[in-house]
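Before I ask anything, here is the structure I am working with.
In order of appearance the chains are A, B, C and D, and numbering begins at 1 in each one.
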Amino acid sequence: MGIDRRSIVKFLIGGAVGSMFTPTPWILTDDISIWTQNWPWVPKNIKGVDAYVPTVSKLCPSATAMLVRTVSGRPVRTMGNPEHPLSGGKISPLAATEVQLLYSPSRIKRPLRKASDGGWKEISWTDALALLDEKLGFVKGSATRLAVISGDQTGTVNEVLSGFVASMGSKQFFLMPSEAQTLARAWELMGGAGMPGFETAGSDYVLALGADILESWGASTRTRRAYCEARPHGEVPAATYAYVGPSCTNTAVGADIWVAAKPGSQAAVALGLANLLIKAGATSSAPDFAAFKALAARFEPATVAQLAGVSEANLAMLAEGLQKAKAPVVIPGSEFGQGGSVAAAAAGMALNLLLGAYNQKVGLRAVPEFAPVVEKAMARKDVMANDLAAYMQGLAEDNKARPEILITYEANPVYALPGDVAGTVAKIPFKVAIAQFMDETATMADLVLPSPLGIERYDDVATPAGCGVAIYCLNTPVIDAVNPAANIHGGDVILGLAAKQNANLGFNSFKDVLAAKAKAVGANVADLTAGKAFVSEAVTGAQPSLAAEAIAKSLEAKAPEGAYALAAVNKLGFGTATTAVPPQNLKLVREFELAGTLMYVHLNKATAAKAGVAQGQKVTLKAGDGKAIPALVNISEMVMDGVVMAPCNLGHTAFDEFAKGKGANVARLFTAQVEPGTGLSFWTQTGVAIEKA
Amino acid sequence: MEEKRAHNADTGGQCSVLGGFLPFGLGLVLSLLVGWWLSPKLLFSEQSQPVAFNHKIHKEEAGMTCSDCHYFREDGSYSGIPTTKECADCHEFPVGSSAKEREYVNKYVKKGQEPDWKVYQMQPDNVFFSHAAHSLENCGKCHTDWTEKELCSTSGCHPDIGDSEAPPKYSENRITGYSASTMKMWACEYCHAMPDHRAYNANNNACFTCHK
Amino acid sequence: MSGAQQSFKILWGMAIDLDKCTGCGACMVACQAENNLAPEKDASKKQRVMNWLKVFELSNGKPFPDHDTAYLPRPCQQCGNPACVPVCPATVTKKDEEGGIISQVYPRCFGCRYCMAACPYKARYFNWYDPEWPQGWDKTLSPDVSVRPRGVVEKCTFCHHRWMKAKDKARVAGNDPYDLPEGAYVTSCTEACPNGAIVFGDLNNPKHLVHKLAHSEYAFRLLERLGMDPQVYYLSRREWVRRLGNHHLENEKTGEFTPLGGGHHG
Amino acid sequence: MDKALLPEGCPRCSLGKFLIWMAILGVVLAWGGYWMARIFLFGIGETALDNTFGFGLWITFDLAVIALGAGAFFTGLLRYILNIDPLKYIINLAVIIGFICYSGAMIVLALDVGQPLRSWFGFWHANVHSMLVEVMFCITCYLMVLAIEYVPIILENRQLNKIPFLHNLAHNFHLIMPLFAGMGAFLSFFHQGSLGGMYGVLFSRPYAYRPGFFIWPWTFFLFVLSAVASGPVFTMLIATIIEKASGRKLVDFKIKALMGKIAGTMLLVYVPFKIMDTWGWATSVLPEMGLTFGELFHGVIYGQWQLWTEIFICGVIPMIMLNVKSIRENPTWLYTAAILDCIGVSINRYVFTVQSLAAPVMPFDKWEIYIPNQAEWAPTFLVIAYGAVLISLSYRYLPIFPQERALNAAK
């Protein structure tokens, strides 16, 4: 008998029966299911010892103070720092993702040199600095051949940068446009001392004139703590919040009152309110009160209604609210945190003066500046006077001498400045980007120097824009740099270059600069190092003026062209020009904010009917010649009549697959114009046409 | 082919009983052997600990107690295996003269590296185990006669190696990656589902008591 | 169900003040970082995006200028009479622990998604693919929460691991782990919210603020009339918001209805 | 070539022709197999399902084929338990269709779960409160019953039947068939019901929720009734399709009309109940939930037309047609009524799956759209092709139609 088919079948059956009586099939079944529970390609938990290390966000404009949770030294996440005035234990949507941004795919990991074919070549720090040193040699002593742009609004690194620019013989050091600059310029016009700050904690009537105070304006996490304190759960709020602006921003949602006003009409509204307040008896000991009164008298409610679209009743309601309040505060600002009118800022601050809310506990406060430590550094006033938008426009129009070298420090002007500056920047022969992420500006650079993230380095934060008290905080590295080749602070880079150029700034390292600063501030360095903030509630200065003359002159500015007014909105959740949308935050983008690569712009039903567009329709927004962005229509009643609302910080062309190509960059539509009387560019007023695509 | 099959069918009845049963029996026996003896051997891989740690010496000669290394932190977490840094408190340089200690110091302390300890009772990520909840203060309220040592090896939680001179071999399931002595859920439930325990914590057999 | 609902001495709950939420999304980001949610490249495919906590935009439906907006953060409602628990075929999800948090045991879930069909809050999410993190990012994952593979359902757990840690901390300090003071255990979103819109605590404990807030005249619960008895309360002084939390027929007054409740098979 | 395997006295097409047909089906199987492989490798992210539509085409398909496969248990019940003898001429086909429908549903289910390697957890860690557990147990058991019922049919293959052992085995199987038919009827009744119950218990889904009798929501009974009202005519339709394809008469028209009559009678029970249920839902359940009837429908794809089509065009009309003898006995009308009936039950299963999930429950939520993609269609067609393969093989090699020889000889 050979082995026939039948024996094999029998053998197999026997085997099958037998195996049923062994544990193997059951154990295997179980083990296989356990295998699916621990797939090797799914990351595993890494255990360790918890620690919470304090720092302050350098990425988020809110300057939220954070604790970084580390597990055996490994950073896990950021959370609010309960012991810190810039947080109160809470956190902004951008700062909340800062640890994850350490590993953002668009982080720059080592110095890069643009190759002749347009690609990138990794080079060593030594080579990179030698190259830069050599280039700098050619521009030394020239007032126009070096320009430096900084994206840091709060750090002492600006002293190093401006000191360096100054020692190189130039004055072309610019900050990226921000509220701080608008306020500083307005404050200067008013003759105020120190920096203007706004304190809302303890106020019973907070009027935000355009400023998105509960979202993106100033140290918003701090502002929002005051908002929270004034509104106990389920009880009648202790403070009324009112928001004036063209769209129902997050601040408007949180506020009790949203009064719709055309984009960039803050000055008109403020003057209208001033008119009503003065009529009701408000006065000021300011030297130019009479002139201001005369100016305000031109803004009768009917005029304001026409200029700003604010109904007479609403204007009266706001005036009454301010008047009746015990501790009111008016906060003027651009709807999207940049490009605001200086005159509007001045008019808004003047309201505080009329209300007597000046240098009190609540309201407008002249916050003292911290003494500079880098001797050669440009004065803050001079830095604030440097108008980057105007400079770029000058370059574009060949009115200004083109620089040979442009250094950007954690700034992304190519993306964020109004209009299209890429072409202008491209013409600059040598561009250096000191950056954390591969943003639009870094992409255009000839040399890219990586910058560590705030939680990886020594740095500092001094009184964020509009903050009602003086605050100084020191950052120490929370963790070891995740990219060892990207662990040199831009401040150190500049100090090194300065030394090589014999333009000594008096410090060997940026850490020394910080130590000197801490000392100059008068803070306890040990406390600062331990993560505590230095806070000074002192105010400075005498009676400012109401800047009547400048405001009056500013009214000569031309009204925007275009059938519809553009209202941009800036949400911290969507990131900033330098971070783009952080990967996690992409989930914050709502359904009717982005569809694939197209973003939505929002207009109300009446406006949509007028424009003849329907929900979901593809349109092109056009502003002036050649400036256009594609978008989809979302019909939303959160926008006033005649206005198109669009989000900032979408539409990046650089960064990673999370941010790139998502929506369009609304900054492309802005046109900056120098404001008469104040001399600073503004772009809060943009007229657009809606064309069906 | 068809004919052959038909033929076989016809003559099937005449096959000897043994001949009919033999292949079946062979398959049966072979599968039983594989199932009971071979496959458990194939399923697990045996590994040695990276360091020949001697519990006994530490206890008897250095006079250490368990909680010198295995302690609770202030935040309620449990230290588990001490880190190289903690070991280096004593072993920055070799304390004794053993070659193994010297090897440990050279390989880990000097380089500041953690040994890749194989944890006999390593639970997967989806398990949350609170050492604090399983302390003598809790369990000892009723089990008054238990020592800490007994508590730690109740229900097979930990192999009793507190007095060992060398760590036992570690065997790992090749499919699941679990240690052979990783407690399965039923072993946890040996205590958790015990009706007698309900009075003390009515929900101690809830899913989230142990899962994360 | 079939049988009485379990009653708990501790009932973790939230009171979210919708008048204070401005929709910034800090809670959503804090949730992702705390609970190891992977980022997603195409976040505009909203029906595929995972958010244990999602902020909805509510409208009073009126045209400008009478329009009003509210934002509503939606975590898992940890229902007292959950729709998801009885339907699960493999006993993956249960409401059986003190505190009343609905558990989800990922290694046991085989992904039938019946619980998702049952949950009217869309609080349950399915792992359509294996989670993927940009290179190195996985090193930032929290050790407190297991990472879920594809094919299983997950949801908000009120940061349950934080409760476990708080209990352990109390134990080691010699305190009663079942009598935590307010604030010893809060969720990541509660902690993050810059407006303090979320209050978290034990609904059964009069010493905790949520206990009081749950009884506020401004409090309501989402879809309360379906009888699921959620442990998340919302507060709003605006009637339209309270009305929008529940279906109301035109002739019904806000907040007036008889909860339906399950009580069928299962 | 394979003549020796063909049933005696039943000519079949040439092997070549048959193989071409198989190759066509093979293409579909390969297409479906490709997508199945992708789904097993990468997960069901490949499909168009999402967090709103956890259930979609596959569940609809499963429910529909299980309802249409009800011909197997119901015909078995009538044939073996209630002794309606003429049904023996179609019972084999009913069993095969039942087997195909249930095993096909199992294939799709294995794909549809996120972790197929853990799918046994539903048995091992069963939650007795879950309707889905009831479904899983009943479907699995019933599939085994169907397999057992299929075995004697296979054993009747001309060559297999020559083996005395198999011959006897088949014979003995036939003897105990009433037992299995009874078990099948019991199991089937319960899972058809619990499939309906799965939806009816969703007290948080206004579209699906139905109170009911004791622990069973009304959908429990409605699903059973609609299944038995459509299963028999589906079997009859498949028989007709085989006849058309093969060009041979296989089942006496009287039997077909009888199947129509059975379904018609069941529709007579089902349709009034369905109408009452809908009425009660619209006027009582929905208002309790704070909803109106109109709010549960939306736009065109979720419009009320589906409800009216299901109830009237595909419910009331076939009910009348199948119960009027003269209409029923006209082949064209019989088939039309049968097709309407089957469409009706499929719409029912579709709306309970998709519309239930599409309808927003939170008042501020919105309707979502679901369009199945290739990854879902391909395996669905794979199952259909698999059914076609099984039927083709069975028809070719097994004597499943007892009347075939007589009917064709008469011609």
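Basically, a contact is a pair of C-beta atoms (placed from the backbone, for glycine too) under 8 Å apart; a residue touches a chain by one contact, two chains touch by 3 or more.
Here the structure is a predicted model, which means the values were calculated and not measured.
Taking the mean of each chain's C-alpha atoms as its centre, the chain lying closest to the overall protein C-alpha centroid is C.
Of the two interfaces, A-B and A-C, the higher number of touching C-beta pairs belongs to A-C. Distance from the chain A centre to the chain B centre is 53 Å, each centre being the mean of its Cα atoms. The centroid of the Cα atoms in chain A and the matching centroid in chain C are 31 Å apart. Our note on geometry: chain B versus chain C, Cα centroid distance of 36 Å, whole angstroms.
With centres defined as mean CA coordinates, chain D is found 39 Å away from chain C. Across the assembly, chain B contributes residues 73, 75, 77, 124-126 that each touch 2 or more other chains. Counting partner chains per residue, chain C shows two or more touched chains at residues 49-50, 57, 59, 106-107, 130, 144-147, 149, 151.
Under the contact definition stated at the top, the residues of chain A that touch 2 or more other chains are 32, 34-37, 44-45, 47. For chain A in complex with chain D, the residues that touch the partner chain are 29, 32-33, 35-36.
Within the complex formed with chain C, the residues of chain B that make contact are 72-77, 124-126, 128, 130, 132-133, 135, 137-138, 201-203, 205-209, 211-212. On chain A, the positions that touch chain C within their shared complex are 34, 36-37, 39, 41-48, 69, 71, 74-80, 89-93, 96-97, 99-100, 102-105, 214-215, 220-221, 224-225, 227-229, 231, 233-234, 236, 248, 250-254, 260, 482, 571-573, 583-591, 594-596, 604-606, 637-641, 656-658, 662. Per the touch definition, chain C reaches chain A in the complex via residues 15, 17, 19-26, 28-30, 32-34, 37, 39-44, 46, 49-51, 55, 57, 59, 62-65, 67, 69-71, 106-107, 130-131, 133-149, 151, 188, 191-197, 199, 209, 213, 216-219, 235, 237.
Here chain D touches chain C in the complex through residues 42-45, 49-55, 112-116, 118-119, 121-122, 124-127, 129-133, 136, 197-198, 200-205, 211-212, 215-217, 220, 287-292, 356-357, 361-365, 368, going by the rule given at the top.
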